[in-house]
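Several structures are given next for inspection.
Next come two complexes built around chain A: one with chain B, the other with chain C.
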Partner chain A sequence: MDNDRLTQLPMSRIRTVMKTSPDMGNINPEALFLMCRSAEMFIEHMAKGAHRQGKKSLEYKDLAQYVENDEKLEFLLQILPKKITVKEYKTMMEKKPGTDED
Partner chain B sequence: MVERIEDLNLPNTSVTRLIKEAIPADVKVSSECRIALARATSVFVLYLTTTATTVAQQKNHKSLTADHVLKGLEEIEFESFIQPLKAELESFRKMIKSRKDKKAAKPDSDNTVEGAVLDLENMENMQSS
Partner chain C sequence: MQDDLEGTHSEDSGGEQLLKVGTPLREQDRFLPIANITKIMKKSVPTNGKIAKEARECIQECVSEFISFITSEASDRCHMEKRKTINGEDILCAMYALGFENYIEPLKLYLSKYKDNMITERHHSDESHDPMQTGESSRQGSGK
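Showing the complex of A and B:
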């Protein structure tokens, strides 16, 4: 199959994201390509992993749950936090300090 | 890290297409989910970049190379990506090489497809190893 594009995500955009990293020097074209493809594989990995089998929808809460379940996605815990209701939050705040649920 | 991660948006259409490729066709993806996943992907890129940069620095390398990215993936526990990416890297290298050969043989080459590739070739020529 002949693609008229190497990647679906634009490499220029990926490069912009990478450049915000501190101490970022030159980026070899191969590295940029791999980074872009890694990002694409990441999206597919997340979508596939978060989707509940048989369900007709994929929602934010599925992503948040998937992030919580997978240790290697720990870096995303603050980016994709689970949402709680105000009531749950209040209950949480009322708990005695030092309560350890582990 | 980044002050305004919202500024580093990935294109909605690309993200949506990639999501759809991974799940059954009749599944409805909420826009909240799409936006969140796009954001998470930017974070992933930064995370992998920082890790790969550390690998490069530890080896005293000045440019970020494919090897650093592959090692970075191992370090952040995304090893399952490594083999498929290695295969794609080979195809990529072959393609770059064949374009270089074509270009050398025909100086007035049509700049048809893949302006990105030509940019990459220029980048490659600018790199000094």
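Showing the complex of A and C:
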């Protein structure tokens, strides 16, 4: 049917995810539809934004970099830590004064 | 696997579950299907472009986080106005409040298409005297 073609993500699952928020009431069908569409737009926005010009692949680090550079994506910072090498980590720890070593 | 907290651990494999209080959330309850996500991502990068598995999984988590983020804001607004049901406007206002105002115009366009579809469906059901049809959509998408 037409409404199915308007969305690419399963609305039942969107509702399940929404329901994990604390103190959630009911969700009317319009709100569910809008949430579904905006989730799709969000995926496109992230993929397009993070993808580097000229590069063929999209990697985790591209996403981490993109999130760091976009203010409104701040809410994602804690689930998208930028990865560092062991060497970088060691350098970082050496710079920190008074860190307790195990 | 996770230990049960207080609730029972449901073993059914259906997509939509009643979330019992205390039942630990399964992966499939917290995230959207990765196949659908990958499909959408592929449209946003050049053809033949590769998307690392880690990147896909990352987006999968990010989308759920995004949904929760918007939902909380919409839910707060709803509570403040002493309503129990989140409506479309709550979602749009949340988008605006959280910095996603550029989504609003395209969303409104989609919403009008959706409403047109609903009206068309209602006309069809009126003609066929379907007693089941109500204001609420009885089909929430078949998860394609």
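Definition applied: the second predicted complex is superposed on the first by the 91 of 102 C-alpha atoms of A that agree within 3 Å, B and C clash if a C-alpha of one lies under 4 Å from a C-alpha of the other, contacts with A are read in each partner's own complex, and residues count from 1 in each chain.
What we mean here is this: contacts are C-beta pairs under 8 Å (C-beta built on N, C-alpha and C of every residue); 3 or more make two chains touch, one makes a residue touch a chain.
Being a predicted model, the structure only gives us computed values, none of them experimental.
J.: Following superposition onto chain A, is the placement of chain B relative to chain C best described as a clash or a fit?
T.: Overlaying the two structures gives a clash between chain B and chain C.
J.: Touching A:M92, do we find chain B (first), chain C (second), both, or neither?
T.: A:M92 sits against neither chain B nor chain C.
J.: Which partner does A:L77 reach: the first (chain B), the second (chain C), both, or neither?
T.: neither
J.: Considering only the touch criterion stated at the top, classify A:M18 as touching first (chain B), second (chain C), both, or neither.
T.: both
J.: Hey, what residues of chain A end up touching chain B and chain C alike?
T.: Shared contact residues on chain A (touching chain B in one complex, chain C in the other): 4, 6, 8-14, 16-18, 20-35, 37-44, 46-48, 51, 56-60, 62-63, 71-72, 75-76, 79-80.
J.: Tell me, which parts of chain C touch chain A in their complex?
T.: Where chain C meets chain A, its residues are 15-17, 19, 25, 28-33, 36-37, 39-41, 43-46, 48-52, 54-55, 58-59, 61-72, 74-75, 78-79, 83-88, 90-92, 95, 98-100, 103, 106-107, 110-111, 113-115, 117-118, 120-121, 136-137, 139-144.
J.: Per the contact definition, I'd like the list of chain A residues that touch chain B in the complex.
T.: My answer: residues 4-6, 8-14, 16-18, 20-35, 37-48, 51, 55-60, 62-63, 71-72, 75-76, 79-80.
J.: For the complex, which residues does chain B have touching chain A?
T.: Against chain A, chain B makes touches at 2, 8, 10-11, 14-15, 17-19, 21-23, 26-30, 32-33, 36-37, 39-50, 52-53, 56-57, 62-66, 68-70, 73, 76-78, 80-81, 84-85, 88-89, 92-93, 96, 113-114, 116-117, 120-121, 123-124, 127.
J.: Over in the complex, which chain A residues touch chain C? Could you list them?
T.: Of all residues in chain A, those touching chain C are 1-4, 6-44, 46-48, 50-51, 56-60, 62-63, 71-72, 75-76, 79-80.
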